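Please go over the structures that come below.
In the two assemblies presented below, subunit A is common to both, partnered first by subunit B and then by subunit C.
After this line comes the complex of A and B, so read on.
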């Protein structure tokens, strides 16, 4: 207790270096815990890019590919499935709802997704959030389009604007040569930001996809003058032949696996169904090395913080030789001298840990809504995770161990100085 | 410790720092209990070394050093530290105080470090004991101050108070008055004598300044007893 009080007063006496040391350790702790929280948040947010969908169904192919083009709008499908097949599964007794996706067109680099009202009704992300509109309403007419918020923001579109979609997805912004110029779409509404890939797409009715290709033959546009005028096309006159994939919710979890098996063995058409959660995890593992890199960097920051403490304690020793001689004269043995310095270093690192955790809390509370809105990253505000506690413990122990270096030096000093007056 | 044991008894003590020249070579040196001894010698005559040996801080000497009837060499390092903390009061020439502690905390520190020394307060609460000692030395009103705000004379009296609290049997003072002017020296010594008498402590006072030597029971010249210093 005496030593604790001595260590405390000694640190308090050097308030500036103490504060700076605690601050530098605190910052590195905050970084470490912060990175850990962001990592947990990123994993959670990623896993919840799409929610409440039990299966993603498409033509047979790679499961990752199906996930990428259906959820992240990356890459393209090699095959479509017939609308007939879709209707078969849509009306399957074990199925609660389905959301059809028809992909393949784009607008200035953003994907165009043909879908139906089920998308606006049933699509969920981040557990239970649904699609809502910032302005306007969902597209009802064949040639109406709803914009993801990033699309509207980047291209500066608003409700009522007319846009032309491009055939194919490879063209970069503005370079599409096969524009569906003859059949422009009217913006009916803009979706609220979801901070998921939903924001980076345009949504038109399934009939719209069919309509722009209605006069095409064998993948080629009609000859000039042979186009079917847009005015003549209504939802009733358009026939939907095929879609690219669909999301499926089963009535009970038990049905999910049975349905998956049933779909992949469907005799009419080669199909596959994936469970998005599992495939997302698989994908996360392949891109997760970035978080490890981040953690390694953070560990170096911690080491720098602790070295700063070592330097400040070590350099203070020369000024403190006098103090050590006094302590020895009044009966403090080398063990107590060593304990004093180790205790000081331990106190510094503990204070650093406390400050670091406090910083993380303050920063999380302050920036959580902003981060969630802008990056779609929900960083949890919570006591340190078990990994976090291990980090904190490790830093405290490291502080304790590092304290032995100046302590040993102080011990050597006291042996050579004895009670002599050295200044 | 019997009452008749000498406070300090050195027999054939030799000491050198490492492989350096012999600094101490003392055939015999004895201080009786409750005696007030003035030990003088010029700088470099081995005063601080002798004090270090007697305080049990410097090891590696040959010969016998008995302090308060105890053979210092037979104690382990930590026992020597405990012994010093409990039975000895030490006053430095200058800068006696831990700068980051208050006057009160400085005075009570030896008693807080050594349970044995604290026990010799005989149940008197630590702060009350400190007040009593401080009152005798005229520094009662300084107790709550920061030591950095004290004059040198005040600091030395605080150091004296610290060395006296817990009534150690032996007070060793290493030129404690050299930073004080003459009037303050005498005043300081009077206070120190009074307090030593009240506590029944032996006082070994080391200085190169002989103007105060007449105030002591006995005066010794270190060069006379130390053959190495010649």
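After this line comes the complex of A and C, so read on.
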């Protein structure tokens, strides 16, 4: 206890050096734990976005592209598939349910997703959570829209408001290729927050996507006077030609494999069916190399932080020769001197760890909404992972071991200083 | 514009459908394992796919009696020793209830005049499995090279209940853990 008090007061006596050393270790720890939290958080966030879906089906192309575009609404657009083909698979005897997605339009930077009632009935995230409404109900009319919670919150919309969707993807209103001004949508409801990309989209009926393009010719809007008024359009008058992709749940997991093969070899249309969990693992394997490189860099930052502590303790020894000599004179043995220095080093690294973890929390709370807004990634604020605890333990132990270097030097100093006439 | 582009893309892509070819990489194989659930007495299916070279040793059409015998022997070995290749956990007491294996040839047209027609063939096998005890928390291991030394890189996919996992098994190193 005396030793602890001595170490504490000694560090306090050199408050600026101590604070700088703790800060440098704290920063490197924050980097290490932060990188680990983002890595784990991003993986969980992605994995939690889609549950109980056996296959994602779309036009043939890259499996990652299909997953990222259909589920996370990021990356390049995939080709479409015909509605006829979708209906073929929807009615397949091995299929339990399907959720169609039609993407391509937007509203003030948020994606507009054409889908049907199956989305509200069957879509699952975080294992078994389903879509619920904070207010209102699911869209029933062609020109009704349900908003993800972030969309409603960011844009300040509520049930009953009228909105105009934009042809193509635009960052803000008016910057799109064209706004579908003649066919506004009424907000029928706002979804409960899911902390997934679901929150950042608007959901309209599949017929709604076709309806806004009903009077378009060759990808161009109608000439003045040729527009079809919104009042004349009903679900029955709209024909759905194509969709982007669909989610599929098979009646049994064994059927999933057979369905995947059947879809991939479907003669009528070039298609692919991906198993979302496997494609996500493929994604982690791909970016795993970059993650490893980042971890190596953060380890080097930690080493630099610890070396800084060593330098600070080592250089302070010259100033502390009198202190050590007095300690020896009043009866402190070599073991006590070594223990004091090792304890100081250990305390510095522990304080650095605590500061680092605190910094991670502060930065997480500050930047979580920004990261979610810009990247669609929800990084949860949680205690360090098991790997994070291992890192913290390793740094504390490294601090303890490094302490032996100045401790040995101090012990040697006290021997020579004790024998010398002048200090 | 988007609609027109998509229609164009689909119409361009359609003719390619009949000429598309599956990936064919010697030394590799693909295994899909699916169980309805890991609890109770799970029943499932395991599919195996490999270029014929890895199993039979050649990919040309077996015309001589000796080659036909080689194909039959290789397929019999695959069926008989599959439990050594995909090692299901002993604690689950799994048994193969049905097995089938066949060789499928794929002919490619010669690209240049006078060139020989290119041929690839693949081995497809399917095994129905019934386990007496739950698979939850247990591990699946692999031993492809012990039976077919040429197969050293295997992509394994696992579907059990809502678990979707995969592993790249190189030189029989790799384990797939079934979730609890």
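Following the convention adopted for this analysis, the second predicted complex is superposed on the first by the 230 of 423 C-alpha atoms of A that agree within 3 Å, B and C clash if a C-alpha of one lies under 4 Å from a C-alpha of the other, contacts with A are read in each partner's own complex, and residues count from 1 in each chain.
To be clear about the criterion, a residue touches a chain if its C-beta (ideal position, glycine included) is under 8 Å from a C-beta of that chain, and two chains touch if they have at least 3 such contacts.
Nothing here was measured: the structure is a model prediction, and the numbers come from that model.
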item	value
Which superposed partner A:335 touches (first subunit B, second subunit C, both, neither)	first
Contact breadth on subunit A, by residue count: subunit C or subunit B	C
Which superposed partner A:13 touches (first subunit B, second subunit C, both, neither)	first
First, second, both or neither for A:369, with subunit B first and subunit C second	neither
Parts of subunit C lying in touch with subunit A, wherever the complex brings them together	1-7, 9-10, 13-14, 16-18, 20, 32, 34-36, 44-45, 47, 157, 159-166, 168
Residue ranges of subunit A in contact with subunit B within the complex	2, 5-6, 9-10, 12-13, 322-323, 325-336, 418-421, 423
Residue ranges of subunit B touching subunit A (in the complex, touch as defined)	48, 51-52, 55, 57-58, 77-78, 80-82, 84-86, 88, 90, 92-101, 105, 109-110, 112-114, 117, 162, 174
Complex contacts: residues of subunit A adjacent to subunit C	51-52, 54, 59-60, 79-82, 104, 127, 167-168, 177, 213, 216, 218-220, 241-242, 252-254, 256-257, 267, 269-270, 275-278, 281-282, 285
